[in-house]
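Each of the two complexes below includes chain A, the first together with chain B, the second together with chain C.
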Partner chain A sequence: MGEWRYVGRKLLQAGVTLLFIISVNFFLFRIMPSDPVRLLTRQRGVQLSPEAQAALTHDLGLDRSLPSQFVKYLADTLRLDFGDSFIYPGQSVVSVFARFLWPTVLLVGTATVLMIVIGLYLGIRGGWKRGRPLDVGSMGFSLLFYSMPDFWLAMILLIVFSTALGWFPSGGFESPSSDLSGFSRVLDIANHMFLPVLTLTLGYIGEYFLLMRSSLLDVLGEDYITTVRAKGVREDRVLWRHAVRNALLPTISVIALSFGLVLGGAITIELVFSYPGLGLLLLQAVDSQDFLLMQALFLFASVAVLASNLVADLVYSWIDPRVREA
Partner chain B sequence: MANHTTGVPTGTKRSSRSVVWERRRQAASRFWATYRRSGMGLAGLAILVAFALMALLAPLLVSREALDVTRVDGPILASPSWEYPMGTDESGRSVFALVVWGARVSLAIGLLAAVVSMVVGATVGIVSGYRGGRWDAALMRFTDWFLVLPSLPLAITLAAILGQSMFIIVMVIGLTFWPWTARIVRSQTLSVRERPYVERARGLGASDRQLIPRHVLPNVFPVIFAQTILSIAAAILAESALSFIGLGDPLRVSWGGTLELAFDAGAPTIGAWWWIGFPGACIVLVVLAFTMCGNALEEILNPRLRQR
Partner chain C sequence: MRGLRTPLSIGVLICSVMSIGVGVAGAQSASPDAEETVTFTVGVTGDLNSANPFRQIDTTESFLTTLMYDGILRLGQEDYATEPELLESWETSEDGLTWTFVLRDDITWSDGEPITADDFVWTAEFIMDNDISSWSDGYRFTKNIEAVDERTIVWTTTRTTLVPGLPGYSLILPEHIWGTMTPKEIRNFRNFPDTVASGPFHLVEWEPGEFWRLEARDDYYQGQPQIDEIVFRVYNSPESVVQALIKGEIDHTVVPSAGLFERLQAEDPDEIGTAVTSAEAFHQLSFNVVDDPSSTAHPAVLDAVVREAVSWALDKQTMVDRVMRGYAVPGTTPIVPLYDFWHWEPPAEEAVGFDPAEANRMLDEAGYLDTDDDGVREMPGGGESLDWRLFLATTDSDGIKAAPFVQGWLRDIGIETSIRSMTDSKLYDQWYGFDWDLIVYSWGVGPDPDFILSSFTSGQCGYWSDTCYSNPEYDRLYKEQQVTLDPDERQAIVVEMQQMLYRDLPEIVLWYPNSFEAWRADRWEGFLPWPEPDGVVFWGNPYSVLNARPIVDAPTSAEADSGLPAVIWIGGAALVVGAIAGVVLMRRRRDEHYAA
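Right, the complex of A and B next:
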């Protein structure tokens, strides 16, 4: 199959999936047990006049038939018009979203780079010298941290490093009312980010370790490695030049997937460290039943996974043209 | 474990059913003999038995009244002592009581949610793998769509919309995890379907309705079982996260719910480590144990992994 046909097919599939995600989002918020307008206004202590209720119903398009509501929702979504947020009155969902996006990208981005580098390195070392202390230790470490709820690890780190030792601030994005600028502000932000990044990194290193290790073991069993060795190539060259290169391939899709975790992975960690990112925003939306905001966040989380899967597929096929045949 | 002395008496005419059961019993004892060799599997099993006993015997260990904030008279936020081995919370309840009774809810939700995801995932996987063709294409496309929906945000959103009860949490977690089971079961079904005895049975005129339960399911079952054990671990983690966020069943004490109370009361900043440490350590131990058992099972079923 030609390269462009493959890309076209993948794009088409992603488009169909996008349509599915948008439909799920549409119906998810219409299976609510009671009238959405009442849900939107309940708990807010607002008593809406019948006219105002009717106006809100009209704004949300709830007075139309289901298919025409869907068309309106689809058009609004594609224009990125998600209405106004209830928690932050007078601000559009998109502007609130943008404000909370960057802290999460910074947090998850930093942690992802760290977990990939450390996890892959340990996986290569562990798989190469199977059964050695480093391998066994990393194995136990992976299993232990996989079994740990990340919010619990976050709280334990908080107790130890913030409450008991006082090394790091207990939460937030930066010191409140600080007039720091330039480099000292960067340091302040990094200081606040240290524990959340540590939690996230510790929690996910294991995944990369296990993946890299098993992928390397697969490759080391292949005939071409035996051939390379028979040719008298030095051992460290066999590992880095011949084995690791091929063993890295399967990790691409997992790396892409973890970028899709932008929202999901950090939700409870952001809660523990009151870190103002998308996860915290989602929980605020849940608490105050801001369904429009919730809907937009859920859509974003799904689209992030979809987009990173697509990127992984394309990168993979570019590096290893064999997958296009499958 | 079972051995040949308990078998069917020979010499008498054996019904086909008794032959089948005898064969299954032998398979089970062979399986146990292999499982027993896995240190991890045994350690996991031992931890699970301990926690299961704790959950079942909860009423004998601690009276239920110890959970009622209006009836307890313990010191507030006391660190562990002989009288309160795991300390107390901010209403003077013994954390030990919360841990013992919380085991019931956390384990029950984990088990039930894993069963829900097993039933849905296994059905989709078997139909998809066995039928093949258009059914397979359609079902797998559908499964892929669900794989894209991020599970924790999906579970949070569903729980926020539908409300908070144990039933809803079980369904929400179960329905977010099934696609993984479906994929694994499908690939196993694909290989079972091609085995000669299935072809032979079909040649003898067996219908799908006879083939699937008698010949396909028993051979796919071990994979489903291992996958279910691993799903329980994931489901317990998901339950704890949902409860921690405040979307758990507010009327029941669970490990995640206890951690939520502790966090809301500021336990990390006042240094009440026992209130957070013990319930969390239980989650870690149980999830670890299920994972170890699941890995041990997978290793037995997938000999390719055994050399690692």
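Right, the complex of A and C next:
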């Protein structure tokens, strides 16, 4: 009973936040100093006649009152109709978004899974055998890459493994030839994805390593661990059943947040490896002030974070029943 | 025992599924193509925004237009001389008011329909009726354009003008495709897929953010190109496009900076060909000289004496050496020296050189004195100090490097500047809002001087004019050169106009930059510079596109792109699966051991 009340409360909270995000998104782009009509038409040497400007204002619905604009905006948002992109004329914002979504989800998603799995594993092993070679080694290794600027690491990997050794392509999502299909296409995509995934993974293992390690060390100092050990439970079981389970709790929200941020893309990595992802699309949109596209990108990114937070809350309550009571 | 079997067998299963996949893939690539497709891959740093010629923004789109659409006239490969392209013949009446163009009889659209005079008339009328600014320049003074028969176009003008005879402007689109849409539909038309083209190539594949691919037509009237397909691959940074060329993933790229170019020059010249091509552009320092109440310009920039003093204070040669690493020529007038027939180079006694002392003397004499001794001059009679805003675009890396130099030299003559770089669109906002003092920007210039000269006429304020410079005498000369058909007479007027601009200095031409191109010289030959000898090698050059051919037995960009062989991936995957299986296995066995 309390369980469902908790879920319901969380869903309600998420719903309210979503509404808030959608509204902020609406007003954010209406208090921008630039006039949208001017933005859509500006180009060196081009100025619209007043009639054409009025027509465009009407097309964009900007000649209506603010409340009626807001209602229209809500309706459009619900139908996922964000209008046409400015940088890709004649293509809807949603289709452009969908086009750049898949590569990013694949790239950042894969890297996030890898960095979490490896980082947590090393953190557990390191924390368990603190000060041993594995711990010291993992610490040095992960901090080294964590402290490197990721675009720099990307550049080095690109020059070494792509240009010099020729093992991997220098960029892109797949080879620009249309005759690949099935497994060879998968392989081609994996080939293109390898270096960016490696860069991201190496760069962020440290975050999860440190988090997991310190969380585990905290737990290992608790009295109940001593009790469990005194009962004669074997070490392996102490670690995995008793220590890790509790030490994982604080990492859950961080992990959920990482997945929520996938939709933000990885701008620097996508830049260096010419990867056609959402981070790059956002950069382009900001650069050319494609405000309809920006609006949609912001909305989707915030919704993703919101959704993953909701998932984190639910998972959390499932793992740790105390949360529900709180 | 149960625990032992499961993970291992899964591992084996995965491996065998993978090898089946490889077998299939191997069989696919082994099946011999009837003939190898010849692919030319171009690396670009900007995405294609639209395949619609009415929506073209920069050279990426205009190169696509060049590949897909032929004009009635073109600029010859060797010397930019006007010559017919889609035309069989053309003539001008005695009075220069009537132009008759006869189309060739062997020209077709890529869908097989003939290219007719009606197509031309439809396109011209659409451009004029809808005032498509990027193309309408080619139809000025038009009274009537008429299709007399299938192949004959009669173009009458209200005054004697060269305009119909200027190549490069005219566009012909297939009426049977475009004529069925409303103007609004045409503006939003993607022109893809099913692009219908008149040129040697047509767009067949386009993945935004990744690449676009054009296939050669096999029925092209100028002969089939030796390249079967051109692929444009998008790279997100200048660094990675250069790496891709060295690696051999691409066959050609325009190199965006001198630093990267020098690195490519250090490669083996038998592998990487490089060329410094002549400037068809200039960088300028513009002054906000608009006469408009909404202007926020500092009063001093309106004074021609101040502008001349600024010109004396700038060391253009140092900018060429330090900013452009020597890959530029110090600038004088808006018509670039490459077009030597039109360009006017000031003789030594009229030239404004680098002489800060002279600049200071001029400013002192004009009454701009530093009365409060803070190192910055004030307006004559005291008052506002000479503190200017210098704006530029964040995308203008050369301009950004040059700005601190300009700032330093202006400080030497008692003028303070604050530099601000901003996005292009923000810059245009300031620019068209007359809310600026100085702007550093650049222009690309075509072979005929008409357009760039027009940008200094008063009628262009708010449109193409950078500075809103207004000079009735200049406007008069501009109109006169438009109707002067004799080249030598027209040249004299054009020179006079350049002298006027050099004297009034609405903008200071800083330098003419070179462009850099690099390509795989171990794979391709037959490029034809346009014009000879130092013109563009491939980018935007239709002659090289038609004439470039692969060197026999050279490796291709597709091969360089293949990356790791499948075997390594399989091996790696097998290793990972094996390791996981091993770990699980050990754990299970230990569990069993403890449980026992």
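Everything that follows uses one rule, which is that the second predicted complex is superposed on the first by the 307 of 326 C-alpha atoms of A that agree within 3 Å, B and C clash if a C-alpha of one lies under 4 Å from a C-alpha of the other, contacts with A are read in each partner's own complex, and residues count from 1 in each chain.
Operating definition for what follows: a contact is a pair of C-beta atoms (placed from the backbone, for glycine too) under 8 Å apart; a residue touches a chain by one contact, two chains touch by 3 or more.
This is a predicted model, so every value here is computed, not measured.
Tell me the contact category for A:58 with respect to chain B and chain C: first, second, both or neither.
A:58: touches no partner chain.
Touching A:271, do we find chain B (first), chain C (second), both, or neither?
The answer is both, since A:271 touches chain B and chain C.
Quick one: is A:146 in contact with chain B, with chain C, with both, or with neither? Answer first, second, both or neither.
Once the two structures are laid over each other on A, A:146 reaches chain B alone.
Kindly classify A:159 by the partners it touches after superposition: chain B alone (first), chain C alone (second), both, or neither?
Both partners, chain B and chain C.
In the overlaid three-chain picture, which partner chain does A:24 touch, first (chain B) or second (chain C), both, or neither?
So A:24 only meets chain B here.
Contacts for A:217 in the overlay, against chain B (first) and chain C (second): which applies, first, second, both or neither?
Once the two structures are laid over each other on A, A:217 reaches chain B alone.
Look at A:9 in the shared chain and tell me whether it touches chain B only, chain C only, both, or neither; answer first, second, both or neither.
A:9 contacts neither chain B nor chain C.
Tell me the contact category for A:287 with respect to chain B and chain C: first, second, both or neither.
Touch partners of A:287: chain B and chain C.
Can A:229 be said to touch chain B (first), chain C (second), both, or neither?
A:229 sits against neither chain B nor chain C.
Chain A residues touched by both chain B and chain C?
155, 158-159, 162-163, 170, 271-272, 287, 289.
If we count contacts the way the header does, which residues on chain C are in touch with chain A in the complex?
Residues 18, 21-22, 24-25, 28-29, 39, 41, 47, 49-50, 52, 55, 57, 133, 187-190, 205, 207-211, 213, 231, 233-237, 239-241, 243-244, 246-247, 249, 423-426, 428-429, 432, 462-464, 558, 560-564, 566, 569, 590, 594.
Once bound in the complex, which stretches of chain B touch chain A?
Listed in rising order, the residues are 144-145, 148-154, 156-158, 160-163, 233, 237, 240-241, 244-247, 256, 259, 262-263, 267-271, 273, 276-277, 280, 283-285, 287-288, 291-292, 308.
With touch defined as at the start, can you tell me which chain A residues reach chain C in the complex?
Going by the criterion above, the answer is residues 34, 38-39, 42-47, 84, 87-91, 96, 99-100, 155, 158-159, 162-163, 166-178, 181-184, 186-188, 190-192, 194, 234, 236, 270-276, 280-281, 284, 287-289.
Touching residues of chain A toward chain B in the complex: what are they?
Interface residues on chain A, with respect to chain B: 17, 20-21, 24, 28-29, 31-33, 130, 143-144, 146-149, 151-152, 155-156, 158-159, 162-164, 170, 214, 217, 260-261, 263-264, 267-268, 271-272, 282-283, 286-287, 289, 291, 294, 297-298, 301-302, 304-306, 309.
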